[in-house]
């Protein structure tokens, strides 16, 4: 029997998630909140404002009749990509905004959080509103993961290479034995089933036919990836997609992101600062192009997202987002929600690849084996890794 | 019983295809052979040279011991994308080459054709060589389709809008009744089966599970597409992928390629010159983004390539290449051929969408319902169209 | 008789200038110090660091034997364009640096200032060193002007349009009567004469022949510029250089920088925030292209830098940097200083135009009628204005 | 006493110039007329059409009442940059036009030439019209020089490096003794004086004061330039403008245009094909940036255009266009002609440098020592050279 979730539970969960975002940022200097070194990175203060704007825009301004907007200019500043909600700062300009200040944004968070608590208490039994709040909380958890990735990029591309946290826990390698797990041919069901929260892109549970396949119990390690590099992996076009090859040549890439070859040794930037690459840690910060090339070099391939989902109960996952061979496409009978929230996932279902799993910076409780993450095939600032199949 | 194909049949077929390429160009002025108005269009003379280089490079220079290369500089000029074969003119520079002249290239064709006939006679019973010749012939047929599309682009973007052929046959609409064909749920086999020629990307026949679906017996017409345009289809972001929306806004697109709104009427450039848009002709020259948006506006969707292949015996096809919802990915157990010919298809299997069918300019005998064409999602200079599913 | 400048005077002057830079920034929020909205704007904290680095690099590290560098990574961060001094952050990346923090940089300033005072006392009678200090002080004054212009750009391009200082003094119009001052034909001497400080590009005093000309006693006002705008000045190519015309069309420019047409009225961003355009204030933030077009529309022209220098004793100047018709070229017998300081001016003497005068944000004591400022012809974020000649 | 020029002389001169343009092209293949490898190069057929359009547009369509335009679409195709005359093919698209064909354009030339001869006979005594014809003839001569430079670029950038004319005469070095010619301080007059043809930018004869200077009797040779290269001239930023340095680094330039280092030897493409660099021939195809850097390396400088004009009677010139230190600016009292012809020179007087002299491909009779040519400081496809001063 499903246990009832009370409104007090929801309020506590809301407050916990809201506080966690701020804790992630608590190690930053004010200046670290502001910058945007590349288009895909957003300034931390923007994340803090945008997640707040989400609650204000989709809940308070719509359903709380007496709510007074904190500042009307914020709608322009903190809208990410919702065409329905009006004009917005273009994405590449987020790092040009010194105002609102960090302090302004924390004030904004306080203001909205207080209004939200009152609002939740007043709407304790409104299922539709509770669902929207849960959506907002999950949205903020997604941005917590982005906060970690963006902070790593900001500090890891600063010439001073400052640590985020000198005693940040080391990412241990999994203890599993490396073996190929065999999954039998058959018709399997794919997609979310249950009555908890999930994203619209996981819905539309449906059947797929899978031929028999094998999938590794382990993620590819830095040590294995170094073998690929040392075998000339970045110099042999045979392993690469044409587009991937052009990209690595144009960008002069010869290693994963954050790796530096210094005095005869491969080092990489971590949250603890610069340190030697550990060979038995799962490789991280590789693009789909690199994951594909590595697999081709190994004479294997990446799993499809369907294979991954079916096999996932048989291996540990959650350290790295894992690239799949699957392009990001709608499931059968996918339908967009009406209104602005319909812009959440559907409009990005083209020219991206699916990642499955979760990563070391994914918030606890924010992962499922039906979760579909997605990025362009050249992105590597996320905590992405590789699992092989054949 | 399969009838034996003799070497004389092969020689005749070779000669027929080689001649057809030249016939397609016979209506051109010398100047038309030279220009490259956009990166994806190649000059006609480049196609004539490149298809010849293909036979010279992959057959004569490898297997004909006494063959003397026509001109060593041509390898640099006519290599398209084969990294294995060495350096090459970058794609965007093909239109900067006034030499070799058209006459030089026809001379090159004569030279290679004569060598090929002798070579074929000497290798009449060498199955591997015959297979390579068949491959080269199919390769040239692909370039015949490209010749038509590129010639249309060259003439259709000239301010004088010259006709290619004033009596070029009009593309009739299909006579079929418009209805939704129902295909039952089931496991189906996908991919080429037989002993004729097919491309490597069609191989690896495999099972897929399909839920029940419906697919239109007819292609979307210009008239239907005009309704979409007149209903503000290009002004409403809800129908579009985010990337498609950015693209049409940046390019200021409001109609298919070659359409011009003149004195209150929609005209389009055809091989006959500029003429009014016929409402009952299948719409042509739309990108995947536009096909997707049209389907979304209709409350329907595009078929997957698997649905298309399964349903295809039940409808007429062959007037337009038809966009599918499927990203271009390898079939299970896809493997690249060894050597340079392995670069033919596999390295392009990312960030493109599959088209199925064939078009009015596809050479006769060069279509199958397992044929997989593919282009980037914003390309529209091919003879592409739309078929709806749900 | 020239009065002797004692070392104490120099120390006081040094300290005054150093303090002034910090006072300019004292009205900023921490976040305002960090951002770089366009390539030509540098973050205020970068200016504060770079001017300090200048003293550290060209004085302390060279001439103070026991000086211990504050932080060796700063050389990479704060080098502006000195090739001789080694690698540096590329200009467009200055806004991506959250570290060193603002506080770090103030600490750096304290550290270097203290070392400098001791150093000055120890070298009180070393004329070469005193000259270098004076150079560094003038260099910092130049950056004070840039601080104002960059701060205005940062705040004036923020969607919240925050004021820099709500009671910032209004820029009064000059009280002069508008008249054309006649200067007679003759041979005049151009360039700096005296024994005070000047830049190398002012030296090489030399003769020029000037035909008789007339020059306005007044700067062009906003009101006059509005007449140009209302007469279709930005729509008529006849007034413009071809390059200027292409630029305003591509950038969609119809007014000076910071002007906004709101509810039927021209407003502009000032240090006090957004306010209506005053018609009798000198027009500001126009490019050379616009200054030229305005003059052409008036049937007049801009003065050459030689005409300006000769006529300058006869009119008030100092509110706006004034565009001249003269390209920025070396004076006869111009020679670069040896070493890195030789990179100061000479290497920029191409494809820029000369501005003469000074502006409302030029530090007091930092202007001369022989001073040659220079910018690319499309730059307008400086406090630039227009004076007509014929 | 000035001898009268009869209308028959003018007709003969017109016909001679028109024929010369076609003779320059007579060595080309049809394909060579069509291509545009870089934006600044125009296809030869465009030059042939544009110079014809000039006579049609500015004379026949304005002053010949019964003239029937050859083809109204040509106005769009062959307008170069005249905003007054309406829309035009953008410059970078000239190489995308296969139509009108070369034959069409020769037909156009015939048609306009015949109309012009009749028109000239009918207007034998109309001084204004005769002046316009002389202008058109000089305009065509300018394009003859461009035909040579553009043809050299087209053939010299083809991977086959075809010769333009295998027996094209070798450019001899001047026989002068190398010496520094001294010109005394004084007031000199600059600009065209006389009653022959000159361009508007040469008019406004005016006085300049020149200090004493020295100028070389000889152009810099390939041998001298090689010394600069071998002394690391392209690797030492001290010799270069900042903008020039960035440009050579970005473009990876280490030599003049058309130079190739092959098997340990410097070769260059000439109209005769590829051949070794002659050390005693004047260096050619250098940009202003390179000319400046060479002079800086030599411890000398380039002459100003005024110095050049004053000194020019004392040395041989005409083999190379010679870069000067002078930016291209209007002479005092420069005024644009009314109407479209006013766009001829004035609107380009910004961000370019002046060249003086003439080159080996300048038409005979088309040079004067007051002639002002001008190009952007990074252009080097013209026959440009270097003369030193101090």
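Chains here go by letter, A, B, C and D, matching the order in which they are written, and residues are numbered from 1 within each.
Quick note on the criterion: a contact is a pair of C-beta atoms (placed from the backbone, for glycine too) under 8 Å apart; a residue touches a chain by one contact, two chains touch by 3 or more.
Keep in mind that this is a model prediction, so the values were computed, not measured.
Graph distance from chain B to chain C, where chains that touch are one step apart, equals 2.
Distance from chain A peaks, on a Cα-centroid basis, for D. More than half of the contact pairs at C-D come back, by residue number, in A-B, the repeat among A-C, A-B or B-D.
For the pair chain A and chain C, the distance between mean C-alpha positions equals 45 Å. Chain A and chain B have Cα centroids separated by 37 Å. Rounded to a whole number, the gap between the C-alpha centres of chain A and chain D is 58 angstrom. Shared interface positions of chain D, defined as residues touching 2 or more other chains, are absent. Here, these are the chain pairs in contact: A-B, A-C, B-D, C-D. In the complex of the two chains, the chain D residues touching chain C come out as 81, 83, 187, 206-209, 211, 237-238, 240-245, 288-289, 292, 301, 325-327, 329-330, 332, 342-343, 347-351, 377.
Note for the complex: chain C touches chain A at residues 29-37, 45, 73, 76-77, 89, 93, 95-102, 154-155, 157-160, 162.
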